[in-house]
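Per-chain numbering from 1; labels A, B and C assigned in written order.
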Amino acid sequence: MKQPLLTVEDLTVEFQTRAGIVQVLDRINLTLHKGETLAVVGESGSGKSVGAFSIMGILDPAARIRSGSIRFDGMDLLTSSAGDLNTVRGREMAMIFQSPATALNPIRKVGQQIEDVLRRHGPVTRREARRRAVEALAQVRIPDPERRYHAYPFELSGGLCQRVMIAIALCCQPRLLIADEPTTGLDVTTQAAIMDLVRDLGRERNMATMLITHDLALAAQYADRIMVMHAGQVVETAPTDALFSQAAHPYTAGLMKATPTEASSLDELKAIPGSLPDLKGSLPPCRFAGRCERRESRCDDPGLALAAVGTDDLHRVACRRPL
Amino acid sequence: MNAVATLRHTRYVLGENPLTVVAFSLFALIVTVAIFGPWIAPYDPIASSASRLQPPSWDHWFGTDHLGRDVFSRVIVATRLDLFIAVSAVALSFVVGSILGCLAGFFGGWTDRIISRCIDTIMAFPLFVLAMGIVAVLGNSVENIIYATAIINLPFYARVARAEISVRRKAGFAAAAKVAGNSDLRVLSMHLYPNILPQMMVQLSLNMGWAILNAAGLSFIGLGVVPPTPEWGIMVAEGAEYIVSGQWWLVFFPGAALMLAVFCFNMMGDGLRDLIDPRRRT
Amino acid sequence: MRTSWMVTVGQRLLEALPTLFGIILVTFVLTRSLPGDPAVYFAGPAADAQSIAETRASMGLDQPLPVQFGRYVQNLAQGDWGVSHNTGRPVIEELGRRLPASLELTLLGLLLSMAAAIPLGVLAATRPNSLVDHACRVVVTAGVSMPVFFTGLLLVYVFYYQLGWAPSPLGRLSFMYIEPPKVTGLYLVDSLLAGDFEVFRAALGQIALPAITLALFAMAPIARMTRAAMLGVLGSDYIRTAKASGLAPHTVLFTYALRNALLPVLTTLGMVFSFLLGANVLVEKVFSWPGIGSFAIEALVASDYAAVQGFVLSMALLFVSLNLIIDLLYTLIDPRAGGEAT
């Protein structure tokens, strides 16, 4: 089998707060191949973004990586020097964020912000950078890119800002794109346009995409594989079709029941009982146990790990009583 | 929030910032000296003697000035006057500023527009310069120094009060009090104002140091306090001409006392803000 | 873009008008509320009953107040700010002659304090709760707690009396030098324009201590605001974007973070100016600086009201213009400010 582009192994991340240590990520594993789209799904606070920030190396200073490794194309990101990381970030792997309006520098022309990245990652003349910045704006289907080059973020709509973000992320042709809730806060038609743009550009360049979202329907539409996270743990990971035909984890099943689709009526929608457990202090092996209807005494036994569902090695679940 | 939590939070803030502890101790010392100053002072602060311009020694800890007066005694005795000027000025601007700010914040509309315009006009002057002008017009006395300092401090209180009241005006508890049949003024004074007191107190302690500096500055340029009354600002002014000939103690000790007092209030204000500001609470 | 900026400029100028009106009204009230009869003061100490009456008529004090006010504004606009009894010369002339000295000192003090305080604030913000941060906090709080006249005298003692590095604290230029030909009135600038480096060095020696005194005082608000603004900006989404794009650390810190953080710092400069113009008076007294401040102190002691009133008014006008400049600078740096102005 081909070497994956991105491998995360046993990644454990803690936050040090005044109230104590919070375990945000618990032994996360994931792989991502060239050209593949992986969706990371979970409610807010499940650790999706922290995972992405760890990969990009932009964690909050209060965060501490306890164990694990992150390898990108043979390079160990956690042990690399800050300088080496900085040459990879933005050129080889890039990220787009939620709330595009605040994720862009408010007092710098959007064109210049693209140029900053271009000039950082390659010897280009001022003229060349300028040309490529306009080109990048055109590529993300912004009308009248010459004029929009001079626009400030506050002069653009949320959708246009997100397109600018995508232009910044993709201007150096990265091989990995992490999209962190890229459509949050945009209206529905814009959402679809942005997602289509991300998918099309990803396919064009055979780029690996990690799509972080709380929206299972969105994940189903755009991802090849889906990884479900809950309270800092990966609870299930499977190819999209397999997940929808045969969800094995009670939490995944719950998420699906809570997601409205065209077929479902409001009566069928079901909220998942309880909320995310408090991640401070010691936690049970299965962090969903407290909210789970299928809980048994053996659920509290230590040593819970992802295991294959049936014969499909790609479909794995971390549950002692899978569905 | 219960008392235990408050106490724990207080201890936490103090533990985090030992300087606040120092500031509070210093404050206690200053108040003690202000109250008991005349009894602590070893010499009569205005009695001249033949031993002029003596450097600090066992007999005269802070040395003697150009008229042979004991600098230590003068610094000690001056504490009360300096503190009195600052406290009265700040109290005055606290009360008047609170009233104006509350009215502006509560009633809005024209009341707000007129009061805010007046406050803005005061702020349009460099404040110390305005104080100089006011003293010049009102006449050169300690009382007028207090009025001038109060006027230039007034905008700070009025602005805080206005902002805090206008945020809370629409709050549920204010509406409830109104529905229960309380008059506007009663809602304002009994229900709203107590809620903004913490913020006002922070402003007060941050402002206190500045008020001392302003009052001392005015007396340094010869306004207000008249010699031979001991006062820190005027003592520094009197000692100024001796600094170029090396008699540093005339300026140093009253100046240091002034600085310590201001430093103490500034540190206390910072500490108090950390204590009260909910954003720093966890 | 340019035309919209010109509109903004016009708007800000219009907005300053009510403030200007307020200032003039206050100074008018100040002059009219002098204890006793203003005519007695303005007629001078040697006046008899007749000259007092003449003064009253010439000042229009027998007219109703609104008329007096109108006349007052008219006189001010025509440059008639009264005559200083101390010097026997028109107040406006005295102020004009002394303004460059005060401006040179205040501006140099401000530049120095910005040069020290902004890096300090950035340093503290990039290492919050570190030793540097705490040290920065103590230093700036101490700086703002020092009465400027005390700081000034301490510097004189150390650098003039003890070390002998500084010249004697008497004015802008030692009598051994001839002042440079007047272009701007700022000795540092004029001496350079004239190419006279010896005078430049002498003037620099004279202004160093008073400017440092002012700078120490003004550091605290600037450093604090820089720190707070930088902390806010460094935690913002667009800094995260910049980091995720692999931009060089210095680009992130300066081009992205500092430029944004300077906006609130610029706003606080207004307050800093208010402090500086006041502190300037005290520093001028300590260093016998022949500026507007020492003129005002002499006038105050001698109850020279026309001069005091001219001083208060000119300082307020200076302050308003500086605020206006800050406001316009802001709209130049922040593209949002121009568009949102109403």
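Note that a residue touches a chain if its C-beta (ideal position, glycine included) is under 8 Å from a C-beta of that chain, and two chains touch if they have at least 3 such contacts.
Since the model is a prediction, treat every value here as computed from it, not as a measurement.
**Q** If you tally the C-beta contacts for B-C and for A-C, which one comes out higher?
**A** The greater number of contacts lies at B-C.
**Q** Which chain's C-alpha centroid is most distant from that of chain C?
**A** A
**Q** So what's the Cα centroid distance for chain A and chain B, whole Å?
**A** 54
**Q** Averaging over Cα atoms per chain, report the distance between chain B and chain C in Å.
**A** Here chain B and chain C have centroids separated by 23 Å.
**Q** At what distance in angstrom does the C-alpha mean of chain C lie from that of chain A?
**A** Computed from C-alpha means, the inter-chain centre distance equals 52 Å.
**Q** On chain B, where are the residues touching two or more other chains?
**A** none
**Q** Among the residues of chain A, pick out those that touch two or more other chains and give their numbers.
**A** none
**Q** What part of chain C is in contact with chain B in the complex they form?
**A** For chain C paired with chain B, touching residues are 18-19, 22-23, 25-27, 30-31, 33-35, 138, 141-142, 144-150, 153-154, 156-157, 160-161, 168-169, 273-279, 281-282, 285-286, 296-297, 300-301, 303, 305, 308-309, 311-312, 315-316, 318-320.
**Q** In the complex formed with chain C, which residues of chain A make contact?
**A** Listed in rising order, the residues are 56, 58, 82, 85-91, 94-95, 97, 99, 102-108, 116-117, 120-121, 152, 154-155, 165, 168-169.
**Q** For chain C, which residues are in contact with chain A within the complex?
**A** It is residues 236-238, 240-249, 251, 255-256, 259-260, 263, 333-336, 339 of chain C that touch chain A.
**Q** Mind pulling up the chain B residues that touch chain C in the complex?
**A** Where chain B meets chain C, its residues are 19, 117, 120-121, 123-139, 209, 213-214, 216-217, 220-223, 233, 236-237, 239-240, 243-246, 248, 251-252, 255-256, 258-259, 262-263, 266-267, 270.
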